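Below: one structure, written as structure tokens.
Chain nomenclature is as follows: A, B, C, D, E and F, assigned in order of appearance, with residue numbering initiated at 1 for each chain independently.
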Amino acid sequence: MLETVMLIVFAMVGVSLLLNVWRLLVGPSVPDRILALDTMYINSIALIILYGMSMGTTLYFEAALLIAMLGFVSTVAVCKYLLRGDIIE
Amino acid sequence: MTLLWIPLISLLGSIISSMTGKLTRNQSTGLTLLMPVIALLMTINLAPAVFAGDVIRETFTWIPLLGIDIAFRLDGLALLFVFMILVIGILVIFYARYYLSSNDSMPKLYAYLMLFMTAMLGIVISNNVIQLWFFWELTSISSFLLISYWWHKSEAREGAIMALTVTGAGGLALLAGLLLLGDIVGSYNLDVILASRDIIHAHAWYEVTLILILLGAFTKSAQFPFHFWLPHAMAAPTPVSAYLHSATMVKAGVFLLARFYPALAGTDIWFIIVSFTGLATLLFGAYVALFKHDLKGLLAYSTISHLGLITLLFGLDTKLAAVAAIFHIINHATFKASLFMATGIIDHETGTRDMRKLNGLWRFMPYTATLAMVAAASMAGVPLLNGFLSKEMFFAETLHQQLLGSMSWLIPILATIAGAFAVAYSARFIHDVFFNGDPIDLPKQPSEPPRYMRVPIEVLVALCLVVGVVPNFIVDDILTAASVAVLGGVVPEFKVALWHGFNLPLMMSAIAVSGGLLLYTQRRHLFKFHDSLPSLNAKKAFDKILFAVMKWSEGKINAIENGSLQRYITLMLLVVLLFASWPLFEMSHLGGEKQLTPIDVHNAMGAALLMIGAFSTVIWYHSRVISLLMLSVVGLMVSIAFTRFSAPDLALTQLTVEVVTVILLMLALFFLPQHSPRESSSMRVLRDIGISTGLGIVIASICYALVTRPLDSISEFFLANAKTGGGGTNVVNVILVDFRGFDTLGEICVLGIAALGIYKLLANLPLLIPDRDSEGRPWAKERYPMLLASISQSLLPLALLVSFYIFLRGHNLPGGGFIAGLVTAVAFILQYIAHGSNWIAERLTINYRKIIAAGIAIALFTGVGSWFFGRPFMTTWFEYFDIPLIGEIELASALIFDIGVYITVVGSTLMILASLGQLTADEPKGEVKI
Amino acid sequence: MIQHLTFLPILLPMLVGIILLMPPFGRTKTSRRITSVLLSTVSFLVSVALLLNVQANGTQVYAIGDWSAPFGIVLVADPLSTLLVCLTTFLGGVCVLYASAGDDEKGSFFHPLVHFLVLGVNGAFLTGDAFNLFVFFEVLLIASYALLMHGGDKKNTRAALHYVILNLVGSAIFLIALGILYGVLGTLNMADMAQKVALLQGDDVYLVKIGGLLLLVVFALKGALLPLHLWLANTYATAMPVVAALFAIMTKVGVYSMMRIYTLIFGDEAGELSQIAQSWLWWLALATIVMGTIGVLASKDLRKLTANLVIVSVGTLVALVAVQTIESSAAAIYYLVHSTLVTAALFILADLVSRQRGEASDRITAGPPIYQPRLLGFCFLVAGIAVVGMPPLSGFIAKVWLLRETLNAEYSMVFWPVYLLASLAVLVSVTKAGSTVFWHHQGKISQSAEQTRVHPAQLTALIILIACAPLMSIFAGPLSEYAIGAATQLHDFNSNIKLILLGDQ
Amino acid sequence: MFEWIISILLLIGGCFILVGSIGLVKMPDFYMRLHGPTKATTLGMASLLTAAMVFFSTTQAGLSIKEILISLFLLLTAPISGYMMIKSAIHHKLDCIERTKGIDNIEDDV
Amino acid sequence: MRLEAKYNWLPSPFLSLLLFIVWLFLNNSVSNGHIVLAIILAIIIPLATKPFRTKQPLIIKPGLAFRHLLLVLYDIITANVQVAILILGPTKKLTPGFVKVPLDLTHSMPITILASTVSLTPGTVSAEVYPWNESLTEDEEPQERFLLIHVLNLEDEQALINTIKERYEAPLKEIFQC
Amino acid sequence: MELLYASCVGVLVSCGVFLILRSRTFPVVLGLTMFSYAVNLFLFSAGRLSLNKAAVLGYSSEYADPLPQALVLTAIVIGFAMTAFVVILAIRGQADLGNDHVDGQVPDINSDEINDNDKKGNV
């Protein structure tokens, strides 16, 4: 059962990612695209966790953790860029 | 040792004279003269042995591998030349003492002259052809220096360049020829070469070799059509001309003919090339000489003509011709040197050399005039003078040759015509200068020169006379010895005498003399005729050609190196495409034998996202922020691909690097335009699409070919030894810090250097800081959004904890110093973003430069540490310790190494970002920082 | 310590670089200079010691981390690599000394960067591992990027952009090539690769061929071989001359790598892949000579002229490499050392000349008289004679030697005329340049010319460099013996394999 | 038992993640789109991570609780990301749909 | 309100506690070694990062804080279900709006927590804090502020404001005693 | 899957190269970054593709080839350093030269002329 569920969830996350990409491509504004990318980051964490579960290994946990941390920083950086131009001022 | 000393002494003389700057002119001259005099005495000492038929040899090893020795060989020919070079050299030096004005540097002239003498001596006594070439080129260099002695005059500079160009070109040909010759014979030794006539003649390369060597000889001895440099070399001071154009430089060319006569001559091709060149030069020089108004110009073309005569003699197929050639070499040296010196006196005393102004000098300087007239008569071939003797021999030999078969009679006739012209220009030299009315507008009032200035001329003129009257007494020995050397032992009977009875040659002489006088008296018509000819200024042509070549090169270079990076990259990529695709087509099957893995949905989706990201980056490249966001998608997908394909370390690294890169790009984007304009034409875009698609397909094919093949690699070793030998279970990390830790050391150096470089780049950068974004919006008012500021403070300790965690586990699980370092750096970057660089600067007073240095130092010294255990650099050490309460822990040198990595990464990354941040930290926006 | 001697040419520059970034040595201008010059000397002496050691005891293989080949990275100090290491440390020292007259303070980190560059070059010469070669290439490149911008102006920036971007693409191609080679051969050690290439079969051959040819692209770019030479003239001519002088060694790294790769891995023993690059190298070399010569003829200033001379020298070297005989390699080795030193000298001279000629700088036009005409003129004469290959200096021996060794090569009837004509063009250009710059005066010595007097440090550096030309000629005998020895070792496939992989002397 | 718990948590997580992304696509203006990803996705992640925690704790030796950290991190950062994004949207004066109330409450930030 | 901790070697005890726990979480281990390491890190990291923290009010009532946390978690879950329904439902019925909530909180950290809470709970996202402060100084002046929030479906503005103030702001005021 | 992987590498190469061939520094830098992604994936694949075989001892029975991974890691780091440098150089170029054209000067934006130049090979 778990395998089936995992497949379903995989599919859900996959569809989510595609939806994110849709928004990323369509925009229309830059903040929209940032939002889409940010969401993509988070959804990739889901993907990695699911992958780790399906393979039964925790080796990829750190990758997920880092995406969480770094995705935040990069979103913040882009927003700061839009707001102030100079992200380190 | 004696032979070596001859050029060596002369070289010493060069050095000595260059240091006589502080001495008086007489002292300087005396010191300079000392050396050639010694050399002359040494040569005289050797002469009897040579006359007796000995060949004196000396060899020192220099570069045995290349067959280049320092080898000397004194035979008759060499002896003759050594005498000539030294005697005339001594006279010229003496003469120059009086010639040079007080403004001219005497040591410089003497040093160059002596250097030149060294080179000439070297040529004539070389027993190794490469060494011969060595000195040959030295004459080119030193003559360049001599001709350009008055370098502030443009004609001196240009004349020198022209001489060097022509003789340099000939020198290169000569080198090629000599190398071929050496290869044919198997040795560069002259003895061997001279003894290998038959091998050489039979060899397939003979013709090429001969032509190359002759090119060397002809350019040096100013043979037509390479003669044009010589008149322009007259820009040199007259003593230099006297030396270069009588006894040395140009004689080097005919020396070469004589030197290789035994080995190369005797074939039809030799006779044809040499005689025709000689004949053409003889006629051409004699003809042009008549029309020169400049005294030195006349002498220059006369020199060309006489060298043509000598060359022609070497090209005639009779043995006596060679003897005549040698004899004429001596005679020409004597009368030409004296004529040049006389010209120098005239120039010196009157301030001009223009024969249209110089008239009736007999009245002002009768003594000098007499000397000059005797020498000129010798040049014309008047009996009782040496010039007559050799010219007689020449005429005789032109009658004996069979070069042109049934047309051979043409040569004596042409020779006679040339003789007539020689008489005519000699007559002009005498009549036009010393008689022919009164001088016109002379810059100076002429008078006799200082007494001693005439001494050298007196000596030479005396020689002309003595040789002319009693030739046997003076030149027999040396001429015989030289002829033996040239003809290889079998010297035909010859008799140098004033009177051979009434014969054809004498008649030719008579015709030449009377014809010459007739020509001179009728010169007005001739001049008119000559002026009507299209004038060919060799110098202008040479300059034009040189200029054209340089212009053409410039055009080519500007067209090729047009400063367009796009072209350079395109070229490189095309080469890559060619190299990578061409072997692909040779493959029978692209794919390998490995079982393919089926595509699953996740991979397909990941691939789709990655491709979408890639294409979007390209599609949106005009709006840079969007393009950058799209690139982030690609980066994210690449790291997910690494997770998918069992490379957690790579995924972590890729992630962190990607984020830092994006931040950097964002920082850059602030200073750069926000949009890329559309500049490429559609053709260009199509072409670029072609190239990039082609490369993509090729690389993809290679990639496919690789991944579908089984691999047998050295990695088994790493897997087997990671734990036992490296003390860690994360094999990738063990490779990084142990097996291939050296790479990592290099890698952190790269990172550190990059940071230093960036700091360097940003120093004193004048930047226009935009005060609004590309759509004209002013920047937001809030510099440091409050919520962000407070949350980032809380995240910092957490991030440090995580980075410590990642660092610590690296050896056994995915992680390690590099990733940890980047995580730490990112945590600090967040602080920079949230609080600004001034805020950080107040709190973090660390010199990043030192941090970087410390990091690399730690890594380096960890490696060096193993020396104390007698092991090579970077041999790792690890041990497990059981500590009460805590349990078993592992200590490894690799961990310390990794600390170095960590520190370097943190230092470098922060240095890069802080330098960038500092750029704008204190600057109000919208202002230019200088 | 003696067993670690092989490693010292890498350790020392790195250490010096670090030391110069830290107090107390890196604190003041003077302390940096003294430290840098002194330790450069030490580096050079150590390199010489290594050379003597290699001469006495044969090729040294140093297994880093005690992991023997092919698993770990080994350094291979054979006669060729040690010679080049000596050359590099020597040149580095000279440049550091020269720059100590003031050039070093025109930007930050000059001294450490020079040492890092030397580190990279030494590493590239010594390493026996293909990927490690890549790493050291990057070390030397990043250092060169930074040095290129030292004291730079706008022209400099533009040239640097081109140089950096091209090299980044080049590095990427290097990685692709390494990927292919590893992907088929499963190893990174060059000797091991050589061994495995000889046994290749089937389609694998073509994949490795691609790898080998892509490496050619990389080395051609580094070495400035046509058509990848286009960056060089501008880059070298706009860099600060002392940096350009140092860069004289960098193209040689590319050539050296070609020698190694195409002699060891794709040499005579490589079965189907033997001499894959030879004919390419040969024709590209000729084309490079031609292009370089055209560049020489077109040059409008001394630095550009010298930069184009570098291109000519690369073409000549690569032609020798392509001949693939022991003798031609020996000639290449001699020529390499000679051309490096003489072009470095010319760059430095161009600098000194331009300082003393005011507005005219080093342009080949009439200009104000030079303040110290005798000194600089003499040095230019020596360097010029050496570079055009006239006696009595090193250039002539190189010329004779290389003509001699190409005589019996397949296409000598093409090479000889091309080379000889190129030599003539170089002769004319250099002569014209020298005569114009030193003799064609227009205007007066500028007021400030006295301040541009050659500094003692500059003078020493210049004289040391200039003196190499006569010394290389005088000692051509032993040097040629050495070069032949080095070339023999280079071509000795079996002993190289044995030595590196089995540690068998 | 655990399998059930894991499955349910997974499904909940998946659903919320999906809903978040649907919101991202479906909503008519930026401000409304923001709600889905900030809230639904975050919760979905929390649920998914809990599932993973249970999964690894039951299938592998020992407790696995580090997944909580990711949840913690997301809960901490998601609001701030959202805040930054909405700030930049306001700065860019992105259009809201017409029926949006209280637009006057926004102050001009330049 | 207290800004300074009692002990110099333990400047922020809650942070230290957090770090201690997180370390053990990260390593999935409560072995002696990790506990020792966790203690060391929990002390060192706060000390090292102290300069990077502006002075913030300390949590005076940890018990209340914990209860508030649970409440928020609960709200997050329910809020998400609501949002999910709103998202999946017809968008035309939604009437979004911007609401300005006057704040009694004055310090940045409590405001941040409040704003975050608001963002995670029913249909609201914090958008701005007015007025902007130009720079974040060491000793921040307490200042009267507003929170601008975007509401996905705004029905009753005042009710929303009241909920936020009572349900989330008030407990925070108490926890931090400010 | 191998084909898919190779295609991804190919697409990244194509897109990267196309961007590298642009005339402004920023797209070129983006192109270089993307090209280096492609190269990293390529180099990585030299160790072949394997699922769930991370080279951490004890985590599976078979392991992926760890060596290319280590190489790629080094390459990523070096690539990062290089990218950083070239980014800053681009800024420097903008500051020194007043534009962000890779050649330091903007050619006349006259499309006809660009076409003409193309024909002449002056690109």
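The definition used in the following text is that a contact is a pair of C-beta atoms (placed from the backbone, for glycine too) under 8 Å apart; a residue touches a chain by one contact, two chains touch by 3 or more.
Given the structure is predicted, the values throughout are model-derived calculations rather than measurements.
Trainee: By label order, what chains touch subunit B and subunit D together?
Mentor: Expected: A, E.
Trainee: Out of curiosity, which chains are bumping into both subunit D and subunit F?
Mentor: Looking at subunit F and subunit D together, the chains touching each of them are A, B.
Trainee: Counting one step per pair of touching chains, how far is subunit C from subunit A at the shortest?
Mentor: Minimum step count, subunit A to subunit C: 2.
Trainee: Name whichever of D-E and C-F has more C-beta pairs touching across its two chains.
Mentor: Spelling it out, more C-beta pairs touch across D-E than across the other pair.
Trainee: State the chain with the largest centre-to-centre distance from subunit E, centres being mean CA positions.
Mentor: B
Trainee: Using mean C-alpha positions as chain centres, tell me how far subunit A is from subunit D in Å, no decimals.
Mentor: It comes to 10 Å between the two C-alpha centres.
Trainee: How big is the gap, in whole Å, between where the Cα atoms of subunit B centre and where those of subunit F centre?
Mentor: So the centroids are 39 Å from each other.
Trainee: Where the centres are mean C-alpha positions, what is the separation of subunit A from subunit E, in Å?
Mentor: So the centre of subunit A lies 23 Å away from the centre of subunit E.
Trainee: So which bits of subunit B are touching at least two other chains?
Mentor: 563, 565, 567, 569, 573, 644, 648, 667, 669, 699, 702, 706, 711, 713-715, 718, 739-740, 743, 747, 750, 753-754, 757, 761, 779-783, 785, 787-788, 791, 794-795, 798, 802, 813-814, 916
Trainee: List, in ascending order, every residue of subunit F touching at least 2 other chains.
Mentor: 20, 25, 40, 42, 45-47, 51-52, 54, 56, 67, 71, 74, 78-79, 81-83, 85, 89-90, 92, 96, 102-103
Trainee: At least two partner chains per residue is the criterion; list those residues in subunit E.
Mentor: In subunit E, 22, 26-27, 112, 115-116, 126, 132 touch at least two other chains.
Trainee: Name the touching chain pairs, would you?
Mentor: Result for touching pairs of chains: A-B, A-D, A-F, B-C, B-D, B-E, B-F, C-F, D-E.
Trainee: Considering the complex alone, what residue numbers of subunit C touch subunit F?
Mentor: My answer: residues 131, 135, 138, 141-142, 145-146, 149, 153-154, 157-158, 160-162, 164-165, 168-169, 171-172, 175-176, 178-180, 182-183, 188.
Trainee: Can you check the complex and tell me which residues of subunit C touch subunit B?
Mentor: Those residues of subunit C that touch subunit B are 3-4, 7, 11, 14-15, 17-18, 21-23, 62-67, 70-73, 107-109, 112-113, 116, 119, 123, 131-132, 135-136, 138-139, 142-143, 145-146, 149-150, 158, 161-162, 165-166, 169-170, 173, 176, 179-180, 182-184, 186-188, 192, 202-204, 206-207, 209-210, 213-214, 216-217, 220-221, 227-228, 230-231, 233-234, 291, 294-298, 300, 330, 385, 388, 390-392, 396-397, 399-401, 403-404, 407-408, 416, 420, 423-425, 427-428, 431-432, 435-436, 438-441, 476-477, 480-481, 484.
Trainee: List the residues on subunit D that touch subunit E in their complex, please.
Mentor: Against subunit E, the touching part of subunit D is residues 15-16, 19, 22-23, 26-29, 31-32, 34-36, 38-40, 42-43, 62-66, 68-69, 75-76, 78-80, 82-83, 86-87, 90, 96-97, 99-103, 105-107, 109.
Trainee: Along subunit A, where are the residues that touch subunit D in the complex?
Mentor: 1-2, 5-6, 8-9, 12-13, 15-17, 19-20, 22-23, 29-32, 34-36, 38-39, 42-43, 45-46, 49-50, 52-53, 56, 58, 61, 64-65, 68-69, 72, 75-76, 79-80, 82-83
Trainee: Enumerate the contact residues on subunit A facing subunit B in the complex.
Mentor: It is residues 10-11, 14, 17-18, 21, 24-25, 27, 30, 33-34, 37, 40-41, 44, 47-48, 51, 59-60, 62-63, 65-67, 69-71, 73-74, 76-78, 80-89 of subunit A that touch subunit B.
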